[in-house]
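What follows is a pair of complexes built around subunit A, which joins subunit B in one and subunit C in the other.
Moving on to the complex of A and B:
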């Protein structure tokens, strides 16, 4: 079958294709460059790499050479895990409340909960540090978790709200008419429907916390070193190729998690 | 709205091919009575229910029929216990249930889109009510098996709702509502999502189940044919009020208000002036010409009235005579075994007439005369002002 295409059609697809291709390139190429550099056999962050080896990955995983990276990574994992877990609980409760209160108060609170997404995170980090100091506390993993919690909760609220909006009210009426208590209805009807949204939100919260620099910058010290801060420090002082290797590990782990989460909860339909 | 009789359509369609479901005889259940006493409900300033009273006998099926926004769904939600009405009382078996939560009223509900729990199997859906009441696993299992049998869905026990057709989902929703052994069954537009043939099958089946179980049922619908075929009595609602409550035949043949008359079936409204009132009824001079005597009162002599005549209660004559008015034929449509005539009177009003096609030669152009058949029961209403 032959279709005729006008010049306008062709140029439209050409322009859209070019812009789309460029966008994908800007998103993907740097990641590929980092992955390539991490596999270099040389001792510098040069691109293109001068040989192929896993020596920097070996160095990264060697507890003697990279103990401080490991402890920073463990700190980050602990903070991200706690923050994501708490965010899932608090964010779900907030989303449930917001779902029932659509009035002015509800909308105002919704905006307040969402503000960490749009307000400059650096200023929030500074504010958090001032508060911690005012309370005469030392920066600790607990305070880091609290700081991260505030900025990752919006992810959970968003995804759970999206799930709740798909929850048919008739299901709740139906459960009530069949004699179920509110708690039984929540456990057997509401929770199963919003669980994928909760999981998706927790995943995003975890990734956002792992990746967070502005809050950690203010709230961490030498004892509570966080992975992104540590990596940045290494870059500044020594242009260490282990930074590229650590980035490589993060990229691969995150990609795998992303695929898994997408399979389990349909992540890209929920965010 | 159909040009031909709403009642005629129900007898057509495929017969119900399924075998009669084996309804268990024990325990013998009895439907509860339901009394709605002067119930009103307002949303903000809008009066959705305005002083509604309705008494339903045990084992009776009542349809709440009306256009959207007439208050029928609000009334259903009040009876179900989802809405706290502003005024009045609801009684089940004589006991007030106004402060009783939905789950303890002994009322089962089949929702418009069935509202099956999507993440549960058919068995889990049917057993939900009993599980929520903390019944033993054994009891739940027996009950689920029994009610799946009743709705002939035993073979689908492990399926998820999304793997079922609309009719199957409805059977499951019905089994789920029946499993809590309610005295009253509420059905919210239960057949709206089904295609026409299936709808008739399900109506027959529902009616049979309801009768075998002796359940009281309230059916909300905007479909008059559905109301007429399933219900023992029909409550026609408009603007938050029940305009008429009666058997389908009463509502169809003797509409009490102009709204009921226009909403039920199709009818021709002929404008006229009262010439005289007497013991046999009201004599009306039609604007279209001709003089009719109609049972019922339309007002004193000289007042303007509307005479309502069903399309199947008119006949065609070819010469002028007593009670006939002149018409011209604009269109003749064959509809099944009938033909529908689109007529125009001399004052420009449209009149629809349905007659058997067999033996009636097509009406040509030119002057014809139209009158009431001997068994016609025209209704008379005062003409609305303006």
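Moving on to the complex of A and C:
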């Protein structure tokens, strides 16, 4: 009895440990591999790197060599900033409405608003390009922001809705019965509870917009180049090691932001 | 006094029902303008026979539906999603079992390792796999140093390489819903299973797995949707040799400038993904009953 059980236990721990360990390793190792290769002194992506140097970071930050990457990064930051700000406003309002309408209509709208998270948005990117062209406009950062909005708002709706579900209804009722106006109640009772959700949602919206490919792919041109599209182009044409340096910068920035957001709003629990 | 009481009562049952519609107006307008509008437009564009969109007709649909090549592209795209989902289910479930047996400190470290890749740009995650799977990459360096093969293995531009890369790229999307479902499993049930003499294997298959199904389904929906539409990973790791629907849409729209045909493929992609997602949800409901 004792021995058979321990054999089963050993095989269990071996198999689960191996597969689960592999999963965790393949989540982490690629990030480390990119960091390692970005410090290579060679002009190729040969692994392991032949020597240590910051030459690709210098090339990346050099405005003469990498000006087009800088302008793409600035465009992306500008679009992501406006998209995240607008998404936070519109998404919070929508989440407040959805919270009060839990009937069939409310649930149907909730599903519809969330659908950009699972539908292939490439189709909508194509539609955006056709619309812009038919209106005889040229793709601009404004169009890109508008296109990103529908894709990134679901993150805000989801995080704010989760915060709202933790709000004690009795607090709203007491505030109202003590004579507070509905706006005062919102500002002093509802807002403090949902503010972390709003911040987490805006952050996720910002990240999603920075990383958006399906919409940007169709609306990017020489004037409205976006960072992921620019990096993709560099990866497709030649294996430029500056992509590794740019990836290294993105890894460091994302890690720092994740740690900060975890401290501020407990992001891990909200994604 | 009685007045405020009735107001409070009214606020709880019918929370300003008539007055709160402005809250939904911005989202509603945005959704109609940038979601419903584009869908209708795509449908309208797809029913044109020529690239200048002057002749209406079903020629593009006939071209798409009548060509076995495009049926194969649809099938390949679906199979790519199915294989990626299968791999992430196995990897994700085993990670979840480990997660369950860890304390809070290790759990939060694991969450960090899961959320960081999720927030990291898809381009960066795809690039990592170029470095890992390339001819001079990590895998081939390991294989050749160990003397397992004399020549570098060809891993890029193969379906196997693409499925492995996509599994890693999409794994966080499987893990997040899965772990939140698995964390709700009552540890007493697992103790009871052990106390009644079930082996760990039996506990895993008969207790943990059935209770994890909702998480696995939610994760599968996200992974399938995301891997079938992963244009960057498909085009960079798959190269020109593996053709999936997103690549066809991009080529037709931005290389050939045949918008009606690109619209046809876009709608076909939407319908295909929506169909498989509905199927996965239905399977989930079936498994629960």
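Basically, the second predicted complex is superposed on the first by the 265 of 271 C-alpha atoms of A that agree within 3 Å, B and C clash if a C-alpha of one lies under 4 Å from a C-alpha of the other, contacts with A are read in each partner's own complex, and residues count from 1 in each chain.
Simple rule for what comes next: a residue touches a chain if its C-beta (ideal position, glycine included) is under 8 Å from a C-beta of that chain, and two chains touch if they have at least 3 such contacts.
Because the structure is predicted, anything quoted here is derived from the model rather than measured.
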Per-residue contact with subunit A, leading partner among subunit C and subunit B: C
Partner chain(s) touched by A:47 [first = subunit B, second = subunit C, both, neither]: second
Partner chain in contact with A:222 - subunit B first, subunit C second, else both or neither: neither
Partner chain(s) touched by A:23 [first = subunit B, second = subunit C, both, neither]: second
Partner chain in contact with A:135 - subunit B first, subunit C second, else both or neither: neither
Partner chain(s) touched by A:171 [first = subunit B, second = subunit C, both, neither]: first
Partner chain in contact with A:181 - subunit B first, subunit C second, else both or neither: first
Touched partner set for A:192, first subunit B, second subunit C, both or neither: first
Doubly contacted subunit A residues - partners subunit C and subunit B: 173-174, 176-177, 179
In the complex with subunit C, residue positions of subunit A that touch it: 5, 8-9, 11-13, 15-17, 19-24, 26-31, 33-34, 37, 44-48, 89-91, 93-94, 96-98, 100, 109, 112-113, 115-124, 126-131, 146-147, 149-150, 153, 169, 172-174, 176-177, 179, 182, 207, 210-211, 213-214, 217-218, 227-228, 231-232, 235-236, 239, 243-244, 247, 250-251, 254-255, 257-258, 262, 267-268, 271
Partner subunit A, residues of subunit B touching it in the complex: 80-82, 101-104, 107-109, 111-113, 115, 117-119, 128-129, 132-133, 176-177, 180
Touching residues (chain side subunit A, partner subunit B) in the complex: 168, 170-171, 173-181, 184, 188-189, 192-193
Contact footprint of subunit A on subunit C as seen in their complex: 4-5, 7-8, 11-12, 15-17, 20-21, 23-24, 26-27, 30-31, 34-35, 37-39, 41-42, 45, 90-92, 94-95, 97-98, 108, 110-132, 134, 136-138, 141, 167-168, 171-172, 176, 199-201, 204, 221-222, 225-226, 228-229, 231-232, 235-236, 246, 249-250, 253-254, 259, 262-263, 266-267, 269-270, 273-274, 277
